[in-house]
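Order as written gives the chain letters A, B, C and D; numbering starts at 1 within each chain.
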Amino acid sequence: MSNTFGRLLRLTSWGESHGPAIGGVLDGCPAGIALAEADMQKDLDRRRPGQSAITTQRKEPDAVQILSGVFRGKTTGAPVAFLIENRDKNSSHYDAIKDIWRPGHSDYTLDAKYGLRDWRGGGRSSARETAVRVAAGAVAKKILKNVAITGYTAQVGDIAMKRFSATQIEKNPVRCPDAAAAEKMRRLIEKVRKAGDSVGGMVEVTAQNVPPGLGVPVYAKLNADLAGAMMGINAVKGVEIGSGFACASMRGSRHNDQMRALRGKLVFKTNHAGGILGGISNGNDIVVRIAVKPTPSILKPQEAVDKKMKNVGLRVIGRHDPCLCPRVVPVAEAMMALVLADHLLLHRGSRI
Amino acid sequence: MSNTFGRLLRLTSWGESHGPAIGGVLDGCPAGIALAEADMQKDLDRRRPGQSAITTQRKEPDAVQILSGVFRGKTTGAPVAFLIENRDKNSSHYDAIKDIWRPGHSDYTLDAKYGLRDWRGGGRSSARETAVRVAAGAVAKKILKNVAITGYTAQVGDIAMKRFSATQIEKNPVRCPDAAAAEKMRRLIEKVRKAGDSVGGMVEVTAQNVPPGLGVPVYAKLNADLAGAMMGINAVKGVEIGSGFACASMRGSRHNDQMRALRGKLVFKTNHAGGILGGISNGNDIVVRIAVKPTPSILKPQEAVDKKMKNVGLRVIGRHDPCLCPRVVPVAEAMMALVLADHLLLHRGSRI
Amino acid sequence: MSNTFGRLLRLTSWGESHGPAIGGVLDGCPAGIALAEADMQKDLDRRRPGQSAITTQRKEPDAVQILSGVFRGKTTGAPVAFLIENRDKNSSHYDAIKDIWRPGHSDYTLDAKYGLRDWRGGGRSSARETAVRVAAGAVAKKILKNVAITGYTAQVGDIAMKRFSATQIEKNPVRCPDAAAAEKMRRLIEKVRKAGDSVGGMVEVTAQNVPPGLGVPVYAKLNADLAGAMMGINAVKGVEIGSGFACASMRGSRHNDQMRALRGKLVFKTNHAGGILGGISNGNDIVVRIAVKPTPSILKPQEAVDKKMKNVGLRVIGRHDPCLCPRVVPVAEAMMALVLADHLLLHRGSRI
Amino acid sequence: MSNTFGRLLRLTSWGESHGPAIGGVLDGCPAGIALAEADMQKDLDRRRPGQSAITTQRKEPDAVQILSGVFRGKTTGAPVAFLIENRDKNSSHYDAIKDIWRPGHSDYTLDAKYGLRDWRGGGRSSARETAVRVAAGAVAKKILKNVAITGYTAQVGDIAMKRFSATQIEKNPVRCPDAAAAEKMRRLIEKVRKAGDSVGGMVEVTAQNVPPGLGVPVYAKLNADLAGAMMGINAVKGVEIGSGFACASMRGSRHNDQMRALRGKLVFKTNHAGGILGGISNGNDIVVRIAVKPTPSILKPQEAVDKKMKNVGLRVIGRHDPCLCPRVVPVAEAMMALVLADHLLLHRGSRI
């Protein structure tokens, strides 16, 4: 239940940061999709550690193997299982802090829940698990066919993007569509890293060409499922769709997206809805923004408590991302893809 | 699937705004809880239309009847079914606009999904459905025992609360814990209403005395479930937990809630986590904030399109809330209660 | 979870035998189906108590009201809620035995589970709940269009049907397709009733014109779902499909249904498979047989135990069916319809 | 959805007969259980091919590897993923029949569903998948602690066991608790094998020391879940609990298990209920019997049809079990364990 995501298209994920491997099982995948490991690898490489100077230097090839569900290059309708080995798992860093609950981490809460935990690299709580989502998201993107999902870093610290150029996104290590802002962000991240600190940011994901009609009016709304999916990404503290928090100070007369019929097509003059009305897609671009907290693993000294309820000083060592945004981008895209593909399949049951 | 909310404690909701009734079935409710209709009615009265000058004047007593699952004043473990009649359902307003897709409403998206829709008062998409959530939430609150859930309006338009006094909340029609701000909000809502317009706002919900250990590290995280629950409330465009979007410009050294052991108890010096670390409650207050868009039903003229893809002018008449926040407050509390009670029950399976 | 049946087409049921009403919510029902209460009533009348001399004389009109999900005669995709009032609920019979655990009943097990129970007429365990299934099954039949589902009594006590005439089924109170056997069965039931006893039997349900391809190879197999659905009917102790238990003494060379292509159509020479191969329908008739235990409510004296763990003698009074089969027939049909309709909808997701 | 089994304790299975591996993910497993691969291996060895002269000679060590969810010998509450490599996978046998639909197999139904299939050794429909269930069942047995689950072959062809000696079961290759009957069964299987044919049988599984209170009164009944679980095992055509089909010819006065309080304990004089009343365990032994069809893979010539709808003769070669019962025994035990452990966890939510 808890490690499965989705309704009809269901991803079950497993694995810990420092175990032998992590992996997933994608069930409910329709038969007949051309699928190869390369489809997954492309996005995995965008999430991979060590891809630039501003990401963690853990060295993981993150090479994915598909173990089932594909026969002669096509999905068969059987569950697609895949596995990624953990190679560069030096757990010795963690021995020293195995009894300490680190601030900003789930150490304490895991102990409170389960009475024990795999302390090596965050165990199950490690963001390493998001590689599984990215691999599955690549399959979801194939189900979505013409839907174009684009994620990027919109803000790092106080530096926000000012302009949008899609071609810029993958050209800078921050994955920001504004080259000038990207360079400022990169320098800020470098500065923060050298200070042994970390910094937060914002990631935006859009989906274009989403057919109208995906979602439902109550509970399993498209926006509700997207919010759950995005808030479930490690380190995310906020989610907004369309106008988001800005709607609080708006009037209805401005917020309502006025509609026009243009050559037989429905057009919205604005997109405060962010592509979703009453829980159902309206054909407009879906626009989701998420707030990413600064990496909790920092080199600065901190105040922690250990399992014996003793106050301790803590100075974490290890290899960490000074800003999570660049690597959150492909994860957020994957979650968007998984939700949309799930609702595309669910939609097939909506009419007799 | 889509009209059921929750994992172990599951609310299935039904009913349209202008049908004979709305209702719900709460399954998975443990046996032995003292429960009466009055428990539900108390919160329903806080959500009821017509409760003040700044809410819609639709007159609904919203009297709930429990139809099953309670025997001699106690829950039996059987599903708790309840029903609320629709009394003041004048559908004639809607006849004129039955073929028109209203801006900001789900008219178009429902048609796109199902090929037809109950046009009377929004049908299934009506916020009237949230009464079902409030009734079920009252049961969830009983399951939660000592957990105290408090919702209030934190902002209306540009007016934000400045101070917090719990006793003020239910003393003003806005449900704002800051009496001075509440009065300004009330006046703004009045002004907006007279202008035939509406205004957005922000609602905050907190939960105190939540035991640590609720939630899981992946997918069914407590924060993910809360985000889905809140974003699924009609008109909500954003959700944040703890530091929320403010985290984007923070450093890790500031964001990490430093920990201390104080007389054998774990204490966090700050609460940027909003009570949840790694998807699991940490014992601190859970703090969730949601952005509520301005009511889409406004009296001002608008640009709409009809089912024949013709451009039409639209001037809605009817009875609507000029600001949704005061009535969203009990709904957001209910969703918080449903999620927490569900996770409290799920938590029982976490250890051998 | 426990009171919801189905995967995409989901029936949530509620209500106790002697509460104000019983009812259900059918979610996942596609939009556009012509539906009226009369569609449900037809099958409800076949399940109704008091319909013949050999059924219980409790007098319930079992008149169903649809409360949501239908607009202008068509389903809207919203949940279809319906309600059946309990009229003839004389609970006084039960006061005397409220602390006694009756043999063959769930009195003891309900107490063991929940620590309390609604003792009036079996409460939630009453077969009265099956009316909800019958009402929902009527909707499922409409989703199934050309699929013809036929249920009948195949055996009562030692009397088994010898021949099959579909037109006979509804002509006798036993619902047996063999007129001669039906008369013998009727007399046996009468005899048993007069003796204050009850008798078991067998019910068979078939589905014709089921398209091949419904079901899946693992877990959510069509046969597995049918077995769960049938065994979940009150009083059922066994389920078999196709050859059923007879397969134990057969050789593979005889059991394998040999196949032929006949004018471009696939034909099976026999139907030991009962229409299902590897969990998936093969286009042949689906044939399910269930064993129905004798009604546990008998007038003969019995040995029971009470809540204080004291041995007591028990003589139940009340109005009971001496043989459940005639009224199980429409229930078994409904469960078959619910499972098949669910799989028909699920099948829509099987290919890209 | 389809490849996941269970409600709170959930097994997701993946893999094809001739792919690189098969495996599973067991989610919802409580933390703190001592678990090692040896726990799984013990039961896997009982299911393994090639274990005796009367099972298929495919040579698979079926060595299981646990990949996650266990840390320092204990479960952590994270999903337990495990993998079994396919070693002896000679697919060349299947090339010749890749376009032919074999009688008694799912070849045709898979094509009807998905439009394509992995034809090597049955692909996803292969009984090889049941190894995954056995591995997961071993964990379920640990959750069940004192519950003793015992499976055995009760009948092969027309030869039924006459007496029960628990110690005999694992002493003969048929897994029959009656040594004399076992020898007759073995000889029958040998004879059938030499004739290039196969034979059906019956398997019985019991669970002792099951606490009363597991299950629910409606839908997710313990008997319904058991029936679905058992019917979902490859080749099973019938399931009965307690009196099973024999109940059809019984009177209520005989079928009702009379109750006595004996030294403060509730005792049932008979066990026609098979340990379950009204969907809930009553503390008595749970007794389930299943009918296993003869292996569809036989060497005798058969009439089949190919994908071009042409009639073809078929003579299968390969290595097959002449009687499935001995290897079904541990699978049926595993399914019983999975259902009971799931309900044990679900039961924790039944009271406030």
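Basically, a contact is a pair of C-beta atoms (placed from the backbone, for glycine too) under 8 Å apart; a residue touches a chain by one contact, two chains touch by 3 or more.
What you see is a predicted model, and the numbers here were worked out from it, not measured in a lab.
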Review point. Going by the contact rule set out at the top, which chains touch both chain A and chain B?
Key: C, D
Check your understanding: If you tally the C-beta contacts for B-D and for B-C, which one comes out higher?
Key -> B-C
**Study point:** Interface numbering overlap (same over half, different under half) for chain C and chain D
**Key:** same
Practice item. Superimpose the Cα atoms of chain A on the matching ones in chain D and note the rotation angle, 0 to 180, in steps of 5 degrees. Key: 180
Exercise for review: Find the geometric centre of each of chain B and chain C from their Cα atoms only, then give the gap between the two centres in Å, rounded to an integer.
Suggested key: 39
Review point. For chain C and chain D, what's the span in angstrom between their mean Cα positions?
Key: 26
Practice item. Could you grab the centroid distance between chain B and chain D? Build each centroid from C-alpha atoms only and quote it in angstrom. Key: 46
Study note, to complete from the structure: Among all residues of chain C, those touching at least two other chains are 1-4, 7-8, 13, 28, 31-32, 77-78, 113-115, 123-124, 216-217, 350-351
Exercise for review: Would you tell me which residues of chain C are touching chain B in their complex?
Suggested key: 1-4, 7-8, 10, 12-16, 19-23, 25, 27-28, 31-32, 65, 67-69, 71, 74, 76-81, 83, 113-118, 123-124
**Study point:** Residues of chain A that touch chain C when the two form their complex
**Key:** 8, 28, 30-33, 75, 77-78, 143, 216-217, 345, 348-352
Exercise for review: Note which residues of chain D are touching chain C in the complex, please.
Suggested key: 1-5, 7, 13, 101, 103-106, 108-110, 112-115, 123-125, 129, 155-158, 192, 197-202, 212-221, 223-232, 234, 236-253, 255-261, 264, 266, 269, 272-274, 276-283, 291-298, 300, 302-305, 309-311, 346-347, 350-351
